[in-house]
């Protein structure tokens, strides 16, 4: 913090990637994620005007006001961010978008849009800041709360949790990861890969609500996450024009046969160092199996769960012009209208 | 048809289970399903006043007007049948309900309610009459249409299809089947098991739209279904107080080791005679695997895909009184109010 | 236009020939192919130069239920729905009894001879058609027989009422997009029936057609196709939608003309997305509007209800986007295939909290086209959602129209700052804030995402905000914003289509109406005049109401507000917005699901005036 | 009540003691525990017999943003929000400058001595409180220190303004549900501050409290809790909801009292389901209403917008169910923690097509309780959705009230036929149809699913239907149904809470208002009277408007319609529904997010009257 101010390739300091001060609770997991977004954007030399920040409604969805102050943003409606992102990116498909949602915003009211935006493969980073509760409305169970969770005002949760990673995969997402807001290194690596991905990239990040759901035993609490997180792999991103600033991880430390290299469309490589499991995120069958096991055994597995060579994105399918639609300023000619009118006579 | 009118245990003839004449297109798959519902209700000696018919909006959703004329029914809103069923069954949890939806009704506008009604385990039979198109609005692609399907007015479908069976399983459904409206025997067996099931029972029945999506190559067409259907098993239902009227299938014909017996809560047995695959519907991992394979290989597998001993239903979780709530006619006593008022002084 | 009253109330039993001034009702089954035969009838009359309308009264069903098609020919150019139809074509067993019962005295019934018909009436003329026999003779492949059966009544009508067979063939060709093979197959059946009728039927009714010059230069088109064309020529970039009757063909037709929006690389400058529901469709066009695209959707009542929350967001975050409501009969799912003007009040104030929306009210295909491109301009100029409320009658029926005029101006994109003009703005005003009102017209300057300027970004939101678009819970900020929005709506009035007024200071009765009541209004005024009741007329073309409406009201002794909904919603809006003494304003409403007729207007006003 | 004007406009600089007639504003941080300290202050005054209100002005945030709490003590029983607050407790660095600026001359500022404050004003009295020092001395475990800091101002106020310390302790105990340990811990801090103030502060302001007898028999309760109790005592069976501020505590409190709805087996006769969104919540209560249960939901603007389509279905299929709208500030997400009456117009006509809804408008906890149980009766009697529109001010603030009266009648379940009565009905009327209007009141007889009778079943739907509930597209059926629904709304008026009128034929000014403006209206009328402007008053308690409103309007020379929204929505509804000459009806609106004050009303009317 007290270091000399470092500038990135755009000549910006990290502070230039900040925005208004957070109004979330001190210690809220969402704040760490905002910080990771700032860090990643700085590291990746992102030109902020080429990025959109989008969100729904919730504590999580407030957070885009607290990062990337030079990016256009839209704090939309509860559960409806995906449709708004879709439209915004159709208006200008040359932009990137980072969207933030909550588990209530995505898993409850937003379930339909979540599934369908993935199906359309709208190219953006979809972050779910998952805390198992409705923070902003003061601590009701969300649809990702584990069965048996007890909360102060709302008693015991009797419903089985929704697994948003599994949901994303079966909806056709080509980049799906789970992480933990306390695991900054992993969050940042995944973020960087997700931004490079050409398609909907889903990041389900367990992000504790320190005010309403932070008991040691709660599956979405900070202590639980620290204690139980099992990363499937260590992740290192090797971008064609980018060297990761965290010099702690070195490519060489990964031994042969111990890594999986996932090459992305834009030349970025995601290097996964196997840890506990012999897990290849490029197999849907393995993904189903490992998630089924995680669910059954209540394991908190993190990492890049599923990756697939991306399908065409929605703007591609629609054969959208290279120039952003927003900047097209013409109408068909008068001749064309006259011809059509003749056909009606 | 020209037989002597048979009566069931309630002294009713099959005709007593009919309702208004169908206004769907002649040959529509939905009509066969209506007929199977009539047949099953007759066979199962169902007292129609103990059953609810519910639906959303669509050709499929119109069909409850064409069966079980002595049951109360509610033709609700597009995509919103699940919530209406939930309320109706909470008002009177002693009733059974058969609900009909379409692939548009469930997979598009209704995705959220579909997932959440399953999560709550509202005990009813949820039939999706799946034809890959919007029938009533004249032939747009639905979310279950296969990639590459070509339709007269709407060109080529570029989106991957949603698999509603997979969706149902990951949402926590405890009875999930797929069938084909042309396979009357199987539809009827599944219906009977589903009615006996204590929990949300999902039947995804491919039900051709002969007007808008019936080309030989279309995955939801009649010719395709007839040609490609691969039943996972033959099904026979043995109810404690019921002998199946289709005497063609006999229990004895199933050899040892060739059958799986799934015992249901109310004493009904579902006997599955293995066919091609060695498939046990009581394994979620197997269900994922077989559905993943079906998707990858474009197989049309039918049968009981997943079964699980049912979790508590929503009325049970809510500890609802034995008497239907609708019939409770009292308020708390005056003493209680006075006590409470004292506490506010 | 010469005042020549329709014969609705007279009986047609005298033998004087009635030429080019009567109506048909064709009763068939939905999905039986009668759409084509009816279209051929309409187009043939049109091509004979006879002013005509055709209105489809169809069930919410794909195949098999009764459907009626009414065709009116009017040498005087009246194209409103006719209350009575002199010629009844009864081709449906399910309705034949009622169809014959509804035939006016002196009328004609043309019916399939294999229908069981009620006992014969002696005040009408019957012409049975031996459909089966004719079809047996017809040289048509088995698979097609059912589909072309209905051509038999075309042939019979052509013979009985003197239609030009060349014109009929030409109309068939048009109908099949110039493809001769199917046209010929159908023509054979028509010819067969025509010849049979010539030999076997004895003409004993007074009705006939005669070529005239009443449609020269005109086109026949549906309002939905006009809306689609207007949108494409209005430079729309992005359409998101969810299918719903009767709006579906708006987007289908945009698809049809999408090829007009290709750039030099052959890529599209117009994208169309079928959303998973109306909430998503609304969200998408709002996102696109925020992103700087001209965006629109088309829906009907139920979809509109679902969009309520999003419309409130667009209003409050000030996002340009266009909503077409092709109204059908509500409340609720209602009658999806019947027309109505019942969403007016709901649209105008759509959303919780204090909100108001611009609503354009087209009355014809010309206006559907014009309002389509203008709505995109207005939305961007006013930075707000704009609604266009058409209806099933305009949207799905073919209307006679003048060829559309090419938009007179280039696209108006409203106040958008690019990097350069933003720099200038900041220089002039010290700073830029998304909702600063430097022009005192209530409209701020916006920037688009992607603008390469360190100060270009802002955070759009539906929450309370100050002029810098920063979240605020301060009462002053809230009120300042609401006051600016009110001013903006005032400004908007200058950008909206002007109302159309026919005023003469000598008349004390004023009629106010809007939308597709127009043809009935025109006819009814002539009729009333003939009956001694003269009236002025103002047709409202946009909400919020402008001052001329209130002036018009104040200049009359009696005002009738005439509309096709149950509650009299325009009348309600007038009362809400004009706080003058309105005791002389009377509401006349219908709302039976059908297009309005002149007769109903005339009767309603006469009843009031003679009270 | 003696007319004794509030001192709002006078300065309080003279030294005459001001007793039980001034207001506090306490500025703290959200989430800092100030809810408890403020509640203790309010409850202590209440327990001293002083009429009091407490209003929480909090941000849409969980922790850390500025929040204000205003407390008004009024010996005359005025419980409206006060425009000015004489005593300012400034405990928040972020707002201290503005808080001090807003203190009226003669006022008092009590502030944490570690805040950076602006230069001292000499027209107000300052009392610094050494919070850190006191907390160091306090015998409180480290973990709790931050949470009890705010008790220091309670102690200081108690000392400065003469509050009874036994009463304060009792209030603390109440606050902690009788638990002595936390009460004692907090009391220690209060006592410490109290003693410190006694020794160190020199009282130099005129404000003080004195025990009186103004709250005997009263209770203090929020409107949401009253609504919850009313619903539970109204026999509600089924609640479905989705959390949204400020309605959440309605359902939380129903949960709290759910134990009152157990049967002999210990099972519940009331089920509560948290839905996945408001669409589902609406669908569930409609399903439950259809199934025969008394059902309800609670929501606010955005949720209401989402429910639009379902509300239309309930209206048209005639399903009983109750919707509570605890309004907050819209349009859109707006200001979730600010109050408003801005949903009135939207609710009353909610849904596309021609629809209208019953809306009850409670003004007090007593009415929230009563309308809660009555709404369930009305919904079942009228077979239609019933809305209760409360607001954040009533819903989330503590109000003084009389203890609630136990419902005087047994549950009214409306016209429901069981198997036996259905047989009788068929005998009498030849047949039974769900929508037959045999009583000529527009209300049919319904059967519940589960009724063991071969003719009991019907098919509910949102599509057009005839009286047998069979699908119909006939205009006659549609119009008959719409006319019956209109008649039903007329019938409903007799079942709704009557408006409350204070009328005297000698007065020519009439005031009309509704809901939580009531306390400000009461105070303003006294104030106006004192200033020579006498007025009559009608408080609307339900929509659709009944005839007495129009009679009241017609009996006055000037009418003011006073409401807390931007557009004057009640005024708009009056204009829509009453077609008399209304040029003398004037709309006064506020809509700044805060509860209405008497001062604003007085000023607004005086401005008009002196024009």
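A, B, C and D label the chains in the order they appear, each numbered from 1.
Definition applied: a residue touches a chain if its C-beta (ideal position, glycine included) is under 8 Å from a C-beta of that chain, and two chains touch if they have at least 3 such contacts.
Predicted, not measured: the structure shown is a model, and the values here were computed from it.
Peer 1: Applying the document's contact definition, name the chain pair with more C-beta pairs in contact, B-D or B-C.
Peer 2: Here the pair linked by more C-beta pairs in contact is B-D.
Peer 1: Just grab the chain with the largest centre-to-centre distance to chain B, centres being mean Cα coordinates.
Peer 2: Centroid comparison gives D as the farthest chain from chain B.
Peer 1: Using mean C-alpha positions as chain centres, tell me how far chain C is from chain D in Å, no decimals.
Peer 2: Inter-chain centre distance comes to 44 Å.
Peer 1: Between chain B and chain C, what's the gap in Å when you average each chain's C-alpha atoms?
Peer 2: Measuring from centre to centre gives 40 Å for this pair.
Peer 1: Approximately how many whole Å separate the CA-defined centres of chain A and chain B?
Peer 2: 35
Peer 1: At least two partner chains per residue is the criterion; list those residues in chain D.
Peer 2: Only 59-60, 276-277, 302, 309, 313, 317, 333, 461-463 qualify.
Peer 1: Quick check on chain A: which residues sit in contact with 2+ other chains?
Peer 2: Within chain A, residues 77, 108-109, 111-112, 116, 120, 143 contact more than one other chain.
Peer 1: Given the complex with chain A, which residues does chain D contribute to the contact?
Peer 2: By the definition above, chain D touches chain A via 31, 59-65, 242-245, 248, 252, 274, 276-278, 302, 333.
Peer 1: Show which residues of chain D lie in contact with chain B when the two form their complex.
Peer 2: These residues of chain D touch chain B: 217-221, 229, 232-235, 237-238, 240, 257, 260-261, 263, 265-273, 275-277, 279-293, 295, 309-310, 313, 317, 373, 403-404, 406-407, 410-411, 413, 447-454, 456-463, 470-471.
Peer 1: Which residues of chain B touch chain C in their complex?
Peer 2: Checking each residue of chain B against chain C gives 23-26, 57, 59, 77-79, 108-109, 111, 134-138, 140-141, 143, 153, 211.
Peer 1: Using the touch definition up top, name the residues of chain A that touch chain B in the complex.
Peer 2: Spelled out, the residues of chain A in touch with chain B are 108-112, 115-116, 119-120, 143, 158-160, 162-163, 166-167, 170-172, 284-285, 288-289, 292, 311-312, 317.
Peer 1: What part of chain D is in contact with chain C in the complex they form?
Peer 2: By the definition above, chain D touches chain C via 59-60, 301-302, 304-306, 308-309, 312-313, 315-317, 327, 329-338, 340, 342-343, 345-346, 349, 351-356, 461-464, 473, 475, 478-479, 482, 486, 565-567, 569, 572, 575-576, 579-583, 585, 591-594.
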